[in-house]
Each structure stands twice: as C-alpha cells, then as structure tokens.
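Please find the structures below.
What follows is subunit A paired twice: with subunit B in the first complex and subunit C in the second.
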Partner chain A sequence: MFGRSHAPAALVAPASLYVAAAFLLPVAILIAGTILPGGKLSAAGYVRFFADPLSLEVVWRTVRIGIVVTIVCIVLGYAMALAIVDAGTKARGQLIGLTILPLMISPVARTYAWVVILGRVGLFNNLIVGLGLTQQPFRLLFSEGAVYVGLVQLFLPIMVLPLVSALENLPADVVAAARTLGADWFTVFRRLLLPLTREGLVIGGTLVFNGAVTAYVTPAVLGGTRNLSLATLLYQQVAVTDDLLAAGVVATILIAMSVTASVLLRRVSTSRDRALTRAR
Partner chain B sequence: MFIRTLAIAACIVATIAAAASAEDATVVLSSYGIAQPQYGKDLYSPFEAQCGCKVVVDTGNSAARLAKLEAYKDNPDTDVAALSDASAAQAAKEGLIEPIDVGALSNFPKLYQIAQDPVGGHFAVGYTFYATSIVYRTDKMPPVTSWQVLWSPTLNKRIALPDITTTQGVPVAYMANLTFNGTMPDMKVGIAKVTALKDSAVTYYPSSAVATQLFQQDEIWAAPVGRFDWPNLKKLDVPLAWSMPQEGQSGGMNVLVLVKGAKHKALAMKLIDAWLSTEVQTALASDLVDSPANSEVKLAPAAAEILVYGPEAVKSLHLVPPDVVLANRAAWVADWNAGMAH
Partner chain C sequence: MRAIGRIVLGVAFLFLIGPFAVIVAAAFHGGDTLTFPPNHLSMRWIMEVLANRNFQTSFVLSIVLAIAATLAALALGVPAAYALVRYRPRGAGAIRGLLGSPVVVSGLVVGLALLHYVVVPLDLPVTIALFVAHTAILLPYAVRVVSASLVNLRVDIEEAAVLLGASRLTAFRLIVLPNIRNGLLAAFVLGFITSFNEVPASLFLTGPGIRTLPIEMMLSMELVYDPSIAALSTLLTLGTLIMVLASERLLGLSRYV
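Then we have the complex of A and B:
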C-alpha cells in the first residue's frame, strides 16, 4: 500500500497529527497570544512582567523550589531504586506497588494530609513533644520547608519508577566486576550506575522539575499564599485580575523553564560521554 | 409532482418546527457548583414541572464561567448565569449580557433594595448575599467587638486571613480600610494593614476549607470568613462564635444575568423570576444554601441564625460596589503582592 520509504512516516502520521492538534497547536496559540496581543507584534507583556522586581523574585523562588525538589528526589530516588532493585523478585513487585500507591490518591488529599501531620498538634509535633525532645511544638506548616516536604512526597514516585526500570536493565554483574577491579562505591555510582541509568534520570528529573514548578495546590496550601510561585501568580491573574495577557506570559515562562530543564538535564547526563569520546 | 414536493416541504417544515419546540423547552443555566442537589430539589425540579421544560446546568467558579461566556459570545450556549456581582459588572462592560426587563419579573418588587440593581442598568438582579466577619474561639478570647482585634497581640500566630484571590480577600481588606479610616477606591490603608499581619498570621488561606481545617486542628483562634462557611464551622468540635463588630460586616452578593442573544430568552426570564420567588428563596434558605434576597421570606429561627436574614442584617453589610472592584482590582493585587514581598 505504501512505498517502503514512506511506510514509517505514514505509520507515525496519526499519532503525530494527534500530538500536533491536541498539544502543539494550543501551546502555539497561547504563545502567539502573548506576542501578538490584539493582532500586533509586541513584547509589552514580557516587558511589563520583567520590569516588576516582584516577578523576578517569583521566578527565582519557583526555580529554586524546582531545583531543590528535583535534587532531593534524585538523591532519595536513587537510594530507593537501588534498594528496590536489590530486593528479591517478589519483594520488588510489592515495593513498586507501594511506591505507586500514593499516585492513586489525589494530590489535593495528599497535600491536606500534610496539614494534619505538620500541624501544631499534628502527628510530628505530638511525637517530638511526647518524646520530650522539645517543650514547644515547632511551627512547620506554611513555610517554604513544608512546600519542599509536600512536593518531594508528591513527586518521589515518578523519580523512582524510571530509575528502577533503568537499573533493572543493567547487566547483572557489572557492579561486581567494577568492585573486583578495585572501584569504591562512589566510583561505581559515578562512573557506572549514573551513566548507565541516565535515561531514567533525565525522564524522572524532567517530570519532577516540571511538576514542582507548575504545582499549584501544594505551594498554595502548605506554603501559604505569602510566598508566591509562578503557578499561584498565574492563578491570581486568571481568577482575580482577569489579565489573560499577563497569565499567558507566565504560562510561556513556565513552558520555557520546562524545556530548559529537560535540555540541561540531558546535557549534564551526557557530558561525561562526550568527554570520553573526546578523550579517545 | 407538485403535490409530492409540497408534501416533502411540509414534512421538512414539521420536522424543523418539532426540533425547534424541543429546543425551546430547554433553558441553560451557568451556576456555581456548590449545593447542586439542593438546587435540584428546591428550584430546578419545581420549575421544570411548572414550565414543562428542562434546566441544563453548567457549573464552575465565577471567573471560569465568565471566560466561557466570553468565548461563546457570538453563539451563546447559555441563557442565564449566576455570577458574583463583580463578574456580572465585567460581563455587562464586555457586552456579554443584556438588561433584564424587570417589569416582567413578578417577584422583582419583593427584592431588598440593594438586590434590585446591583451593577446598574438592570443588567443583573441579586439572588443572595453573604456576610463576611470574624469567627473566633469563645474559650480562648473575650468577645470580639471590633475588626481591630485582628491586630491585637492575643492573636499573634493565632489567626488566618483570606488570600486576595479568595472571595473574602477584598471584603476583609475593605473592612480593614474602613476600620483604619483609609480612603477608597485605592484601599491602600486596608491592604497595607492586612499584609502587615504576614508575620502574625498563620497563613493567608487560599480556600475556606483550609481555614476550617485550621480551626479544627487548634492552629488558629480567629479568622475572617464568609457566612456560607458558618454551617461547616459550627459542626466542628470547638467553641466558635460569629462576631458582629462595631464597624459592621462586609460581604458579597451573587446575581443572575441574562446572556445577550440567549436562545431561550422567555424561559430564561421565567427561571429568573422563579428563583426570586418567595417559595424558592424560602426553600433554599431553609436548606441553608442561600440567604434570601426576597424580603418576604420568613425563616425558622434555626435558619435565620445562620444566614443573613432580615432588613437590619442586610443593611449592615458594607459591600464593595462591583464597578469599584472592577476598576481597581489590578492595582489592589499589585499593592497586595508588594505588601507581601516586603
């Protein structure tokens, strides 16, 4: 039916058309709306956004939250993924099940659970006061710290899963071989595990970073609305001031941040490769 | 041949007429998602039985539904919308709604004065309002008599305030402005006073559910909230009271509007009239859904205690005029964000 050379293109055409119509087109319309307000080419929306020192503060806070959450998830994610892969086949299935379980609960419910746990008379404070570690309960809620806790709990599973699948594909005896040849654990991780699981790292890291910078409920509820993030600022502009141009600008900046994060993570994870290639 | 053509034409006309009448027997309402089962029982079902038509309801928050009206401006799919007064004022300004012929509404004269023409030009009729005031723990502090209590040291680290994005944000800033003799419409004093509490406030709550939870968890002793949350707060296992500060209470109003170019205008007018009727307003108030805007509604004490009820209560509300909200909210939000950042 198709010429041999056209077959692959024809086969991916339906999916490509779907992606273009359902995802790329709306994004293009959104971005076009920010640079062509009222049909004329203008950067006024961006100029107005970046001229406000508050905006820069919000961008920086959002990037900081994204980076910290991603790094913490990577560290905890590797620890968890290594433990899961190391466990027996049966235990592995159960552990993966437990990792996935929170994903089945609404992020809103999970966030509210933290309000209960971190409250003045919540689980955590009752525990440390009960153990006599402190007289006064700590104020944990409504701080940037609470946002980190909530977001890490929210996104850790989507970091662990790609890492588990990457580690599972590792040849069984490479670690043993490296150890035999005298590599310490840090070297094994840096020169063996990290390069060989970088696909999982890039996928997980991109998902976590994008999730963290665009999350609305968790920063709004656990951080309190005192500390604006780009997502809460976006909500303000849509729900209160009805300023769709400004909201479009914020959305475009979020998209740009996501793309940048994905490119950077890919860079970082392949830089060793290129260094090695050059060395050869 | 001619007869056959005529017969076919007649069939087509009959089909179109039937389709048109079926379509006529529907009215599309855009409304808040809250308490839909009660609305079904108290308003939609009785209305459907009476008009022989069907009420189709599209729910969402005021801002989202306003955006939808804008998107479908040229071919509106909605006939009647229940909006906040500020959203209605914006819809009027953007030409999305048309003036209501209030002379044709039999229940219009029964409405309280402030509900009769809330956005001007008869673009809307108020169907309910709510008060905004301070709810507090009666076992932790003396009775609240003034909005000034929010700034008292007793409540340091023990209050939650509404974020500017919530329904209560502007009313509370407005009362702070009134309490500290600020000017309008800039409201700078009120916004500065509310944002100055950022170190004392446990949080600025993004939704009333958060405030309720904080009361329940003994995190806060006082918070300004909307009256519609009072039934939920009263159910908590903590001693709470609704205050009547000497400066008065603020609040807000929800209104009904007629969408411009509505396809079922006659039914839309009937639905608006039914909504404002003494029977429907009494039923919705008795179910604690909406405070009545109809002055002839008589309520049992249990419901009257919870809702904004009676001419005195209605008169005591300091509502921010919707045109003022519309013209100034961007500046208020900018002042708010600046106050929070410093």
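Then we have the complex of A and C:
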C-alpha cells in the first residue's frame, strides 16, 4: 500500500529545505566565519576571547548556572514527580495540568514577577523589614542567586514531566515487591527507581541544562550587567559593540556547550545501561 | 508518604504559581513606583497599559506574527510529519533530527545568523525577518505534535478509502485531516503561544518602531520602574490562562505538550 514512490521525498522536501535555508546554512556560515575571518584560517577570534579573563568568567558563570539549575531541578523535580504519581490517577491529571500551566505563560511576565518579589521594596524585603528582622533591605536583585531562582521556576516543569511519565511506566507493584522483600526506601530509590527512570532524568536534565545555559530573558532581567552569561554577553557584543567575530565566537561556544551536554548525558545513560546488563 | 507528598506539592506549586499571584496584586497598586504589597488599590496601571500606543502596536504585531508563523510551520510540518509517520522513508531518523534542530540552538544564535546572512544580504523588511525566524523555530513543534497524533491514527481506514477509489489527496482530506483535527489545533495553540512569548529569536530582528510585545516589555522594563509592566504581565497571564484552559477542555492540550 505505502510502497516505494517519490511521494515521501516530495512531502518532506519543503520543510527540510526551509530548515536548511533559514537555520542550518546561516548558522553554519556564522560558525565558519569564526575560524575563517577574512577568508583565511585563523583562531584569532578564539585566542582573543579566551585571553580575556572577563570572558572566561562569563563562560564559567554560564556553566555554573547550567549545573546548579539542573541539579536543583532534578532534586525538586524528582520529589514533585514522586508526589504527583503517588497522588492517584484522578488527581494526577490535574496536577500535571497545573505543572504545565506556568510553561505557557510569557517568560518575560514570569521573570518580572521575581522583580516584584526580590526588589528593594518588593515582597521579600518589605516582609523582613516589616517583621523587624532587619533595618536595611537586602540587595537580592541583579545577583547570580536571583538568576538561579528565576531559572529554576522557569524550567522545573520541564524536569517534572518526563519524570512523571517514567514513573508512570514503572511495572506495577515493583516497589511494593521490593518493600515486601525487605528493601528500605533508600534502597528502593537507588536500586529500583533511579535505574528505571534514568531515561526521563536524561531527557529532563538535557532540556533543563540547555535551557538554563542559553536563556536570555532571566539573566538579562534578574542578573543585571554585572552577572553576564554567554547569552547576555552575545547580545551586548552585537547591540553595543557590533563585533561580529566576537559574537560569532560566543555563539559557537554556546552551540558547542549544548551539543556537548546532550552527548555527555547520553553517554552517561548508555554506559550505566551496559554496566547494568553486565551485572545481571 | 502521602502527607510528605502533599507538603512537597504544596511548596512546589507555591513556588511555581505563587509569583503570578504576586504580579497580579502588584498590578493593582495605584502609586507611581512598583511595590509589594500594594498600599492603595486602583485600576490606574491596567488602564494606562491598555491605552499605551507602543504596547498596542506591538501587541498587534505579535498576534499577526504568531498566527502567520504558526500557519506556515504547519503548512511545512504537516506533510513532513505525514510522510515520516506513514511512509517511514529511509533516513527518517536523520530527517527528524534535521527538522528538530532549530530547537537545540539558542534563539539568539538563530536570530543573529539570520540577520547577518539572510536578512541584510537580501534586504528583507523587519516583519518578514521575524516571520522567517519564528517559522523556523515553530517547525519542530509542529512536526512533533502532528506526528504524535498521526501515530495514533490507524492506517487501515485510510487504506480502505484508497481501495474504494479515493485518491491519496482525497483520503488525506476526508479521512486523515478530520481525525487529527485536535492534534492540529493543539499544535496551532502551542505554536501560537511559543511565537507570542518568544524573545531571543526576535531580539536582533526587531527594527525601529517594529517590535514584538515581549521585546517592547523588555525595553520598557529597563526604562521605567512603575507598575505598568506588572499590569501588562497580569493581562498576558490572564489571556494565556483563558486560552490554555479553553484548549485543555476542548482538545486536551496537555497530552500534546
């Protein structure tokens, strides 16, 4: 019925050509431009970038943001996913809906809420000053901590969703069986839940890490100019200094970071897989 | 265990949803500077935001852009998804990877590359540039959501139509389309919301006087510290809430996320 013909190629071609022309090709030229400035092979752009201690600081801060946000999301997300799955089938649908809802709302609005909460005369400072805990309001905004908070709120749902589906797909009663056979909760978690939900952890972890590393709105609004990430640095280089070579270098590093993270995480999951098969 | 679970969920949802309550409350503060809790309530800033010319024009641009880019992404994505699911051509995995690739890269990079190597050389107007970038970014979502609903559709009813003399196109129009209607509408809603909220890809592609609403918000956020952005955020949050709840009720949107 659906035998060989030219139909699939003709159906796939427009979308593929579009992605190639509007995305792959321009990005490829941008990357190529960083090693071939003026048509000659040269690493000058990268040498200049990595020789600047300020840009090294930005790279390290971006990696740190990615790692911290991913770890916090994994811990909170796992607890949330366990509680959602444990809540029973009827409540589960509503809880998943409640988790998805914030994802749909403008990141600008979501981030701005933290300005209202963390600002000098915001919710948090008015609360602690009002309670007499301190005379002087804290400077919470425009800090790396504020960026962590904003990003965790932004990406936590992305971690929860794959974990919930991984936990839902657990074979029925395995947890009860392990408990009956004498395993404590920690052993159940380490020997049973963790290996069986690894796929969900890898998917969620990759999405969160990539999202946190490439996020623009949150570091721009909550980090201020003193806590630049690679994304906000990239914007500055284009908008303020109009340095295309430097911007291309930052863009290439950003892409490399996302790709490396996905590959590494996949590697971690498959090597553990092999170890597990061997152990059996 | 249940009790601990309840506490975990309570704290987690306070963290996830609570900020929206804060921003709604801040929007009804009548004073000149942003503060929380609001000390006298008024509709002043809601009214001011609704009457703001810059916000009005950028809102219209964002709506038109979101509809146009989502329709374009579906026009490209539906045939591709259909071919990938039904024919499983050789290299389907590679094609899927290609069509999904715009999601992997930061929108900022997509916008920058498009600006320098497509928009400037071809001298494209700002609106077209935004349309091209948003379509590229929405295409992966369109392919994914439509593929998911096609996978759930049985092949044999379509084959029956063809055996009974319908052309492939007729079978697609009369059998496949009505059956994946909810998936298509869900893909439209998700694409619309994604485009409407998009910041990074639009950042480099906006021009003087032509800005999408989120970009306009980012800019005025740096200039003013009054409750107007809180008021606008509140309006957007409520608008999105109504849209998402309606599509959840009618289409079961959360199945497609």
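Criterion: the second predicted complex is superposed on the first by the 232 of 280 C-alpha atoms of A that agree within 3 Å, B and C clash if a C-alpha of one lies under 4 Å from a C-alpha of the other, contacts with A are read in each partner's own complex, and residues count from 1 in each chain.
Throughout what follows, a residue touches a chain if its C-beta (ideal position, glycine included) is under 8 Å from a C-beta of that chain, and two chains touch if they have at least 3 such contacts.
What you see is a predicted model, and the numbers here were worked out from it, not measured in a lab.
Engineer: Examine A:Glu57 and indicate which partner it touches, taking first as subunit B and second as subunit C; both and neither are also allowed.
Structural biologist: In the superposed model, A:Glu57 contacts subunit B only, not subunit C.
Engineer: So, does A:Ala177 touch the first partner subunit B, the second partner subunit C, both, or neither?
Structural biologist: neither
Engineer: Considering only the touch criterion stated at the top, classify A:Phe142 as touching first (subunit B), second (subunit C), both, or neither.
Structural biologist: A:Phe142 contacts subunit B only, not subunit C.
Engineer: One more residue to check, A:Val263. First (subunit B), second (subunit C), both or neither?
Structural biologist: Neither subunit B nor subunit C is touched by A:Val263.
Engineer: Identify the partner contact of A:Asp242: answer first if only subunit B is touched, second if only subunit C is, both if each is, neither if none is.
Structural biologist: So A:Asp242 only meets subunit B here.
Engineer: Determine, under the contact definition given at the top, whether A:Arg226 touches first (subunit B), second (subunit C), both, or neither.
Structural biologist: It touches subunit B, and subunit C stays clear.
Engineer: Which partner chains sit in contact with A:Pro107 here, subunit B, subunit C, both or neither? Use first/second/both/neither.
Structural biologist: Once the two structures are laid over each other on A, A:Pro107 reaches subunit C alone.
Engineer: For the three-chain arrangement built by superposition, which of subunit B and subunit C touches the greater number of subunit A residues?
Structural biologist: C
Engineer: I'd like to know which partner A:Leu95 touches here: subunit B for first, subunit C for second, both or neither.
Structural biologist: After superposition on chain A, A:Leu95 lies in contact with subunit C alone.
Engineer: What residues on subunit A does subunit C touch that subunit B touches too?
Structural biologist: The overlap between the subunit B and subunit C interfaces on subunit A comprises residues 112, 115-116, 119, 121-122, 220-221, 235, 238-239.
Engineer: Of all residues in subunit C, which touch subunit A in the complex?
Structural biologist: Its residues touching subunit A are 1-2, 4-6, 8-9, 12-13, 15-17, 19-20, 22-23, 26, 33-37, 76-77, 79-80, 82-84, 86-87, 89, 95, 98-99, 101-102, 104-110, 112-114, 116-118, 132-133, 135-136, 139, 143, 155, 159, 162, 168, 193, 196-197, 199-200, 203-204, 214, 217-218, 221, 229-230, 232-234, 236-237, 240-241, 243-244, 248, 253-254, 257.
Engineer: Considering only the defined contacts, which subunit A positions touch subunit B in the complex?
Structural biologist: Contacts found on subunit A: 54, 57, 112, 115-116, 119-122, 139, 141-142, 220-221, 224-226, 228, 232, 235-236, 238-243.
Engineer: Of all residues in subunit A, which touch subunit C in the complex?
Structural biologist: 1-2, 7-9, 11-12, 14-16, 18-27, 29-30, 76, 79-80, 82-84, 86-87, 93, 95-110, 112-117, 119, 121-123, 126, 153, 156-157, 161, 210, 214, 216-217, 220-221, 231, 234-235, 238-239, 244, 247, 251, 254-255, 258-259, 262
Engineer: Considering the complex alone, what residue numbers of subunit B touch subunit A?
Structural biologist: Against subunit A, the touching part of subunit B is residues 61, 63, 66-67, 90, 157, 163-165, 169, 198, 201-207, 210, 213-214, 217-219, 329-330, 333, 337-338, 340-341.
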